[in-house]
Amino acid sequence: MDLLTQPVSVSHYLVVGAVLFVCGVVCMATKRNALGVLMGIELVLNGANLNFVAFGSRILRSDSLGMDGQLMALFVIVLAAAEAAVALAIALNFYNNHASIDVDHADDLKG
Amino acid sequence: MAEFINSRLISTLLGWFNVDALPADHWLGFVLAGLVHTVLVIHVVAVGALVFIWMERKVSGRIQDRLGPTRVGGKFGWLQTLADGLKLITKEDITPANADALLFKLAPYVSFAASFAGYLALPFSDGWVGHQVNCGIFFIIAIVGMEVFGVILAGYASGSKWSLFGGMREAAQVVSYEVPMGMCVLIPVVICGSMDLITIGQMQAGFFTNWILFHDPFAFVVFWVYFTCATASVNRAPFDLAEAESELVAGFHTEYSGLRWSFFFMAEYGSMFLVSGLAAILFFGGWNGPIPIFGPEILNLAYTDAEIAAGTFRLGGYIANLAGCVNFIGKAVTGVTVMMWIRWTLPRLRIDQVMTTCLKYCVPLGAVCFVGVVGWQWAQLWSPNDLHPQQARISVRERGLIDRPVRTEGMARRAEVVKKAAWAGSVPVQAGETR
Amino acid sequence: MMLLAAIQWHTFFFLLFSLLTCGFALAVVFSSNVVRMAFFLTISLGAAAGLFFLAGAEFVGAMQFMIYVGGTLVLLIFGVMLTAHERFISMKTKAGEWVMAAFLGGGLFLLLVRATLMVPQWNAPNLQRDQVAQSEVHDSAAIGAAVSAYRADSLPSSSAPPAAAVPAGKSVYLLPFEIVSVHLLVVLIGAGYLARAKKRNPGNAWQA
Amino acid sequence: MSGEDFVARLKKRFGAKIAGANLQGVDPWIEVTPDGLVEVGEYLKAEPDLRFDMLNCISGVDYFEPDAKKASKAEWQPHIEVVYHLSSIAQKHTLVLKVILPRWKNNQPGQLPEVPSVTGVWRAAEWHEREVYDLSGIMFLGNPDLRRILCPEDWVGYPLRRDYEMPLEYHGIRGR
Amino acid sequence: MATYTDDPRIVEFDVRTDEMLVNMGPQHPSTHGVLRLVLRTDGEIVSEVQCHLGYLHRCAEKIGENLTPRQWIPYTDRMDYLAAMNMNLGWSLAVEKLLKYELPPKAKHLRVIIAELGRIASHLVGMGAYGLDLGTFSPFLYAFREREKLLDLFEEVCGARLTYSYLTPGGATADLPQGWLQKVEAFLKQFEPVIAEYHALLTTNSIFIKRTCGIGVLPPEMAINYGCTGPMLRGSGIDHDLRRDGEARYTDMYDGYAFEVIAQKNGSYPRDHVYPAVPPEAVLGDCWHRFYVRMLEVVQAIDLVRQGMERYSTTPGDWGQPIKLSTKLPKGEAYLETECPRGQMGFYLVSDGSAIPWRVRARSSCFCNLSVASELCHGCLIADVPAIIGSVDIVMGEIDR
């Protein structure tokens, strides 16, 4: 109950960010489906985003990064979208050429 | 609201039992206020869907030279949808053997939740909003885009090829239409300088010439683009490809029955109202009537800024707000009716034609209008709007009609930002800004 | 009653959203069905958007909804459906990989949390946050302004003239913003290039 | 389009492949042997003054009387006829061709009589031949997709044959 | 996204999806009854369509071998149940041809009136249902509003609204009731202006034009080769109508009537000065033209009904008593085709001299028209499949018999 009665601090956010980050890393490491790996990357990026936003939030800390945190988060989101599009295109091309989406089979680059 | 509940209702109640009054920011008030808001908004969606489905039947009936429902619940078949709802509840809830059961069961709720969440930021009248999000437009557009998610899930999880086609079509269509829709929505934002729907609504107060629709020719054109895109993004005919009953049987909800099926419908009608309401706020003055009966110009009943800031309650102000709410709902329902009218008139487009409409017509038109509106503002060309909005406020004040400061906080803040920045010497002051 | 009265509602919602975020992130990791993974990821990221809202970054939250949840994930699911062969829907991971990943992940997590908790400033909640929230310029217009040229949140006070390399009040984000825009354009063109129809000789593999 | 002259003209060209003709009936007809059918069809379609470009109908008619008493009185021997109704859109005239076949190939019940398919001449023949195959039990050699069309694919027997008996049961559904 | 292509065989997408076999039907909203189409699709592009028939097979031909011709009339009703009058007519004429039966002239005019009204009723459904196929519901109800009035008229004539069994060998089962012609005239007067509504809702609607123009183009040679008839054939620009070009026994009925075949000649339709112009996107033989031919045929049918009524009321004599039920058929065979709303419906009748025919055969118009559908659907989008099948205007009862 201690958790509930205390105001949220930056480190609360950082822990959540860490969980997302680690989940993403594990996801990237264990998934054999290329799209699963892609989802892991999204999780990692989001973990980072949470940190940026937390550091930039005036609500959590009075001497915060200010707007820079939010701006970085925005850049990350936008770039993640672009990255997803490119990665998806690669995955689909891989699928077309190999009739598989298993990244374990992706070790030959002959296409 | 929370303060009101705490300080007025609960404290009065407690007073009868000689218990100490609660502080204005007591949690109980917040919870109750939240509950009241939720229940209100749920009713807008759920009862709205009931009414709209009834209306759709009546409208389509009249369009098609027949009567529509006439029996259940009196002369006009008022209760037809309710009867149907009861029927749907009692129907067997079937999950196909091929379906991904978890996702299949969740999908309708995802759709409904997305549609419902949009109402969080939709103001029904001046200040009557679930939560005033300062980027409300953006929020609603994002949420409307979320609804597609439930549809895709339903399409995939049904384990039926027709459903899958429906889901894929929906995904392609909605993702594409978000682009022009975003552009169209930006235009009122550019004109008002705020993403806050309440601010945008407030700025259009006064006579109907102040509606953004009439701001300039580009804004006028862009409304039609917006309405087209909105129709497409909520999946209404002629863009209802995801369900396309003559091609895909019923598309993404082919395999659904009973209550789950009805959730999709609630979501659909909820979204229809949502985008129509957004259109009303963005282009048609929101809750402001064509003639400002309650405004300072005529009866002067509406709340003043000071009153809003202080949270005072006054009957006149309340009535003005109520009238605004009626006004707003009227406008939104008109939008919904037009969508119905279109649905029962036009044949359905083909998927590639839908894409063409989006990419070849809506996007370029939206872009041109965007540039046009920016140019219009920059050149300070004449506009029936009587405003570059904040100036209009000022001019009204100068004419001595009202003596209150610029009411829109967001505007004031932004003006301040610009002023400071100008001081910093980094940006030229934009045309139309106050110095 | 006492307990309820003591609850910080901001914290309550934070916990709610963070539980959703973390729970569904874990579900993503442990699910082997790729479509369900995508669905869990959506909820996880949606809840993360809620956390953004709670931190006062409303614009970023809405952005997260629109681009991540509405765009990127729909794209992902699209990809999932295009490759939705039965054998790719569920792909099991070998036990050895799980062990490896558990070690790696666990170590990483401990490291991160330790690092987090080591800085006392980060642990201290902001007790004046109500006042801060009032004065904070979190209008989306300010973000727009910051992206393009100037900053509303770090204007110099009149007493202290700017001395840094980047003058206070000015924003350094114009160039990155432009780069991102060009990048997006390139991606758009690339996507169009990939999806275009190619003419090939008649009687190709299509008929087989 | 079936006067004496026309028959003579065909006979001159195809000889024994024109097996006979009946010019007295309501609809006069010309009989063609199975091996000459495609050839005659191509000729009829190509010849500029004939131009039988449309195949209206193919029908199978089974001449068989299961009742022995009546059969003895019948004027014909049991046989099966395939009737081709042709018309010309350009020349506005019609023609009836017939191919007469034994009821069973080599007189062994169960072996379907064979006719070459005219699908190559008139595409319309494809479905008509399938229908005749389905209902009357005539094999059309060269039809690209000779499957049952109206009856289910696992149906037994040819319903429009005179000696056909409705099955007692089909997939658990009572027949007679 | 997939783009529309003329021939998928020469186009490949870099992002390819797997081919999918999809069942359209037997229970599907736009297959007009119980037709099953198996589509092979690559994304939204259909590469192959296979029709499976027989779900409505009711052994009409087999039944015909056990009934006298007049008794078989109700079975013809159930073939093309949307134009049952025309089915009755076709069979009656075939039987009369075998009997060499001469009709009284008044009966012929009666038959013209009834057959052309039947054509209007049928095309109304065809038109409305085509709207349904393209996703607009209202024209369907507008069409049925008028059709209902027509059915009222038929009901007055023969007591039935769908399966009339009115025209029989020898004439008709009864004369037209008193005052009926006035009612028909009143109906036609009311109906004529309504056609403009249909044109506004469908023919000239720009979405409709976009959905139908250039889709499912049927070249005239292919149409003939596949044995397509009726509006399918005329929609491809072939000037052929059995009412003019058919057998004497049938064309007799229309002798002296002012009548023009509805087909595009020299780039224009006989009546297109009155009705909307052909849109520039339309290609001869596409869905739009097939639809348009039907619309114009309705107008022409109105004209023929008017002429028929005038002749009927001025011709003295008998309206044509039906032949006796036990009339012996002469030995021999007869085949006759008539121009039904959906194409040429042929009946073939073989007799061994008894009252019951030895063999009865019905040549269905839709059967041939549908056989070309898989060729037309080659390489179209899924959404075009209902558009094409709808433009063929099939009635499964007639196909499966």
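Some points to look at:
The chains carry the letters A, B, C, D and E, assigned in the order they are written, with residues numbered from 1 in each.
Convention: contacts are C-beta pairs under 8 Å (C-beta built on N, C-alpha and C of every residue); 3 or more make two chains touch, one makes a residue touch a chain.
All figures in this text were calculated on a predicted structure; none of them were measured in a lab.
Separation of subunit A from subunit B in touch steps, taking the shortest path, is 2.
If you take subunit B and subunit D together, the chains in touch with both are E.
Put simply, the chain nearest the middle, going by average C-alpha positions, is B. Chain centres here are Cα means. That of subunit A falls 6 Å from that of subunit C.
Centre-to-centre, using mean CA coordinates, subunit C is 61 Å away from subunit E. Subunit B and subunit C have Cα centroids lying 26 Å from one another. The centroid of the Cα atoms in subunit C and the matching centroid in subunit D are 73 Å apart. Chain contacts: subunit C has residues 7, 59, 63, 71, 73, 75, 78, 80, 82, 85, 138, 142, 152, 194 touching two or more partner chains. Residues of subunit E in contact with two or more other chains: 1, 3, 14-15. Across the assembly, subunit A contributes residues 89, 92-93 that each touch 2 or more other chains. Residues 25-27, 53-57, 59, 61-62, 74, 83, 85, 87, 89, 92, 94, 96, 122-124, 126-128, 131, 135, 148-152, 159-160 of subunit D are the ones touching subunit E in the complex. Those residues of subunit C lying in contact with subunit A across their complex are 3, 6-8, 10-12, 14-15, 18, 21-22, 25-26, 28-29, 34, 37-38, 41, 44-45, 48, 51-52, 54-57, 59-60, 63-64, 67-68, 71-73, 75-76, 78-80, 82-83, 85, 88, 91, 93, 97-98, 100-102, 104-105, 108-109, 112-113, 116-117, 119, 121-129, 132-133, 136, 138, 142-143, 146-147, 151-154, 173, 176, 180, 183-184, 187, 190-191, 194.
Subunit B meets subunit C in the complex at residues 26-27, 30, 100, 102-103, 106, 133-135, 138-139, 141-143, 145-146, 148-149, 152-153, 156-157, 164, 167-168, 171-172, 174-175, 178, 193-196, 410, 413-414, 417-418, 420-421, 423-424, 426-427.
Remark: subunit E residues 1-4, 20, 22-23, 28-30, 44, 131-138, 141-142, 145, 201-202, 205, 207-208, 210-211, 381-386 touch subunit B in the complex.
Contact residues of subunit A toward subunit C in the complex are 1, 3-16, 18-27, 29-33, 35-36, 38-40, 42-43, 46, 49-50, 53-54, 56-62, 66-67, 69-71, 73-75, 77-82, 84-86, 88-89, 91-93, 95, 100-102.
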